[in-house]
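Listed after this line are the structures, all set down as structure tokens.
Presented sequentially are two complexes of chain A, the first with chain B as partner and the second with chain C.
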Partner chain A sequence: MSAPPPPTRSASNRASLWPGLAALAAATAYLILLLAVEKQTIVLTVLAGGIVVVLLAAWLRLLTPVTRSFAAHEDGLGGFAILAAIVLGLYFHEDHFVLLLVITVMLTTVATLGLNIQFGYAGVLNFAGASFFGIGAYTSAVLNAHTAVPHLIVLVIGGAIAALIGSLLLLPVLRTRGHYAAVVTIAFALLLKTFLEVNDVLGGPQGLQVPGMKILGWSFNDNIELGGITLSFYMNYFVVALALLICAFILVRRLERSWIGLNLDAIRLDEVAASCFGLDIARWKVTAFISGNFLIGIAGALFGMVGSFVAPNNYTFADSLILVSILLLGGIGNPWGLVVATLIVVVVPEKLQTIQEYRFLLYAALVIAVLRFRPEGLLPRPVRRYFSRVPR
Partner chain B sequence: MTAGLLAQYIMNGLMLGMMYALVAVGFTLFFGVLDVIKFSHGDVLTVGAFTALATYVAMQTAGGASPWLELIVMLVAAILAMAFLGVLIARYLVLPLRSAPPLNTLLITLMLGTVLRECVRLFYPQGANPKPFPALLPKGSVDLGGFNLRLDNVLMLAAGTAAIIGLQFLLNRTKLGLAVRAVAQDEETARTMGINFTAVVLFTFAVGSALAAFAGVMNGLYYNEINFGIGLYLGVIGFSAAIIGGLGSVYGAILGGFLFAGLQIIGTVLLPFASAYKDVFAFAVVIAIMAWRPTGLIQEKISERV
Partner chain C sequence: MTALLEAAALTRRFGGVVALDRLDLAVASNEIVGLIGPNGSGKTTFFNVVTGIYAPDDGRVSFGGTDITRATSRAIYTAGISRTFQRSRLSLPLSIFDNIMIGNHNRLTQGLWFNLMRRRAFRAEFERSVTEVRALLDVFEPELSSRMFEPVAGLPMIDRRRIEICRALISAPKLLLLDEPSAGMTHDETRELMDDIFLVRERNRDLSIVIVEHEMGVIERITDRCVVLNFGRKIAEGPYRAVAADRQVQEAYLGVAQ
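The block that comes next holds the complex of A and B.
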């Protein structure tokens, strides 16, 4: 897939780029509209309109060319998706709230990408995603306040600490399976939250302030003046979060396509068969668990700096379940589905204030419905293509 | 340590152990008949406790009665409501997913637990705050040389023991219990013997959930306070207790419950400086036990591990 297609193969068996591009443009425009409107009735109308349009498109079979176009031109459309994100950021360049929301979406996507390596590829259960996110955030809180470690390195350390603390769980996670492994991570999620609440050093239930990011003297918490235009200070974080998302996305997508992803898939689908083929189950599960937690931790570290505040109540078991919900709604193992699902799960309750309070309930019920009636998720993971040159 | 203090610790351990055992028995029953883990079990306990509290509030507004009558009405309301809820869950969420991958059952019950927990938090008046639970048992106590034996604790222990003995009787001495054990042992054969599989499963879920409601009321009476999160806590601990005892074995679950409470009490005695870390310690023990003996101290008879 990485090699450019030979010129001899052309339109005959390759889906066109245009349906995907049109869908992307429409989605971006819709998102800008949704983020721009404020009045609750209009928000509701826009949301309902979006659902109707998507259902209508599905009914008219307009979505098939879009998926085919995405499958055929993933790299190109990925580039356009980045462009769309930049357009979105520039459109809202002075709106603090919207930028924060978009950053939240991007960092949550990074976290769910990490969870996806564990859940979606290796089949290692992790119901403590928000805890590892919190570990990253607390790391940046402590390091930014008390040390002079450069803040970009703090991000990496945040990921490393999350991976390190996560590796304490390796033994129980490796030795157990299914329900048993689930209870280990649930117990860890509850343990960490209680620990943070009773621990005075880390601020107890009140949490800690996180000093903002600063790179080479450039303070991220000041608004930017560019030739008379004021950009929100969140634009700084927007750029870093977008860069992080792009790196994480490419990494996860490459991982999935590579032989590592193939090994992980084999282990998830049938451990006995995989070990018969000489795969070291423990080694790959460890790899998936640690690298997943590393990604979640990095996202958490940056999120701590963006939010400038960390508290145990932001990283509860319910938040971990929200991350799992995103994974299930998006279709386990499909990074593109994750982006869409994160957008829905994070943006809708923020825009529709009335359901903000009910979001845990709502998403839990939604996941039950999805599992019951469409277990493969909203955007199921496509079948692996072993030979990119062979048309489907 | 004085004998009185020791006796106090033992009493606390017994109370905790009884609650854990009642929850663990539910897990083990469900696993026995259907080979599923119902992660929403703990939250059924929460809903049971809040049902009892709501019944109490309703009776208070209606004029009130003697504490004994109130307690019995509360208990009956909670037990019946939770038995019904358990049947509903089994009928509409667990049984339809029998052929689905186990992960789906796990996730669906986990999410159902969230739904129940959030419903209590959002729809019970001020459900997000801890609620005082009425102390309806007689308050007297007997002084036994430095140890204050509280009458209500003794009564609760006796009631819990009675519930467990009743369950034993039900499982071992009645025809229905025989059917439950038959289904647990071999579903196919049980069916060919004319046992109504669905009915037995629903009955088992009703019994397990009723025990959870009982434990929930007991928890409320013991701490005189309930909040929407107790179920999650007791659920995780109850599940670990069931695992310690070996899933599928009722005796094992009871043993596991008391063993876990014992460990927790020993932890608080040995680490008195860290009493705030009591729950942290409990969950650390859960994780450590899973790492040490992933299938429990008493091994499952047929292990699914290869």
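The block that comes next holds the complex of A and C.
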């Protein structure tokens, strides 16, 4: 028909690393500033300043090179993002409150990565994210208090139990089309809270204490003394949470960039067409649900140990809705977007104590605004590339 | 002649409407059969019953000697029947490559461990697939193979049809069901697409095709034999010229002469 077209992309117009690196450095510095300031008026000024700068950068089209840089150098910039997290942790090495907040962000991100597999890829809505997170936390409460199971294995068991309960719940309805699964998860979220409240073995409404993590005799709940410098005991958990986040992130990335990711997209977008090409709809939905719940459960199990306390009120339907709103806000299917959205949703109300009471109002307004003006989220999901460098 | 696909007394009702009424239809190996008839005569329903989207109320379908009457869509695809849809059913946000690979599902390694942990082996399989998809796309439109990793959303109708046909062909099926490939395209585009389909068949002599089409030029050009449906019943069968001259067929399309 026509002559072979000239190559459209060559190595020479591969985007530069620098815009992405600059943006990452600026974001880290900004985050440190935001976490360091205390006075409400200054917090408010910093937040307003951040919003103005981002809008201005978007208006001046400075964000395009950043996006392209991230697309071209994702692995490298991912490495720098880990470095940024370590710098952030070291900067606040004595500050219990900030470290706890950062750990909360990281573990919430792991949980939303799990939801992302379920909803973002397979299209199975899970309105019981916080409940499965809570199941993980209760698992570590019971196992740490009553058994000698090594605590890293407790994390895995927490994930496994969340996955098991999730699959028992959903196996019967996953074969149906439509949103029955979503309705079942809503019912489960409401049911689990009531169940925990009336169950005396699990502490009833008062909840349970969770003994802190211990690995090979190293107690995580003691401050660390390093040659005259005292590190907050939360640094222990910070390291484990960061490691968990990195593993979850890489796994989700690989999942998306594999035939399984393609299968999940195919069944989300058109079940009938997918089944005409031999895809086993139920199998892939179950796979997505189990692996998502596994991540949520592990994050919850670690969070239980971090907080050293679990109670039914921490894992309500409202918390599940927050997890879903993070997904909508960040950009369904884009793990980077989830990190940004979790930061916004978790950090802002904590720093801005004056809006604590109105935070649900704020989330609702934010989600509506995003769905109205940027329906694919703050960082929309790019087209799948199976490897960082795709042969052309 | 040995029949590759054989439907016997196939019946499907939707409430009071009989969409397929004791239909007997056979397709031989290497044959191109045109399935024609007025709107609502049961052509697409026939495809949907054969591919397992609807279960028939009565009758049997066999493929290559095996009974597939109540098999799942998945099993039927695995047996070697693949199809395109009347209203293009591509996944618009996915790339051209992704859409075609959906059709290749059965030939890809689907294990969790392989996909997540054995990335080197996965890469080899991926690169093999890229070569395969490129070769297939080059038959239809070389332009598309250079844009393999761009989303389908921005492409014109003819390219979407080509991709749909590639998705159906990538798994090397024995029988291809084409549901109105010319819908939404101009005459010239239709002719181009038919040339492409001929080319594919030149390369793969074993492929049988059943094509539903309203464009009679297409039917005349490419089919060996036609089956005419009306109200779910077969009213004529034979070479295009013969069925076009058939009085019953003319009445079905144009109404009864006064």
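Simple rule for what comes next: the second predicted complex is superposed on the first by the 366 of 392 C-alpha atoms of A that agree within 3 Å, B and C clash if a C-alpha of one lies under 4 Å from a C-alpha of the other, contacts with A are read in each partner's own complex, and residues count from 1 in each chain.
Here is the rule we go by: contacts are C-beta pairs under 8 Å (C-beta built on N, C-alpha and C of every residue); 3 or more make two chains touch, one makes a residue touch a chain.
Just so you know, these numbers come straight off a predicted model, no measurement behind them.
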Handout entry: Which of chain B and chain C A:W18 touches, first, second, both or neither
Key = neither
| task | Considering only touches as defined above, state whether A:T287 meets chain B (first), chain C (second), both or neither. | result | second
Q. In the superposed arrangement, does A:L251 touch chain B (first), chain C (second), both or neither?
A. second
**Message:** Output check: A:V272 vs chain B and chain C. Expected answer is one of first, second, both, neither. What do you get?
**Reply:** both
Query = Touching A:I260 in the superposition: chain B (first), chain C (second), both, neither?
reply = second
Thinking of the overlay built on chain A, is A:V184 touched by chain B (first), by chain C (second), by both, or by neither?
first
Q) Where does A:V324 make contact in the superposed view: on chain B (first), on chain C (second), on both, or on neither? A) first
Quiz prompt | Partner chain in contact with A:R384 - chain B first, chain C second, else both or neither | solution = second
**Message:** With both complexes superposed on chain A, which partner does A:A365 reach: first (chain B), second (chain C), both or neither?
**Reply:** first
On chain A, the footprints of chain B and chain C overlap at residues 272
Listed in rising order, the residues of chain A that touch chain B in the complex are 125, 127, 169, 171-172, 175-180, 182-184, 186-188, 190-191, 194-195, 198, 271-272, 317-318, 321, 324-325, 328, 357-358, 360-361, 364-365, 367-368, 371-372, 375
Within the complex, chain A is touched by chain B residues 37, 39, 93, 96-97, 100, 102-104, 106-108, 110-112, 114-115, 118-119, 122, 232-233, 236, 239-240, 243, 276-277, 279-280, 283-284, 286-288, 290-291, 294-295, 304-306
In the complex, chain A touches chain C at residues 1-5, 7-8, 251, 254-255, 258-260, 262-263, 265-266, 269-270, 272-280, 287, 291, 383-387, 390-392
Chain C residues touching chain A in their complex are 51-53, 72-74, 77-78, 82-83, 85, 89, 91-95, 98, 101-103, 105-106, 108-110, 112, 115-116, 119, 122-123, 126-127, 130, 141-143, 146-147, 149-151, 167, 171
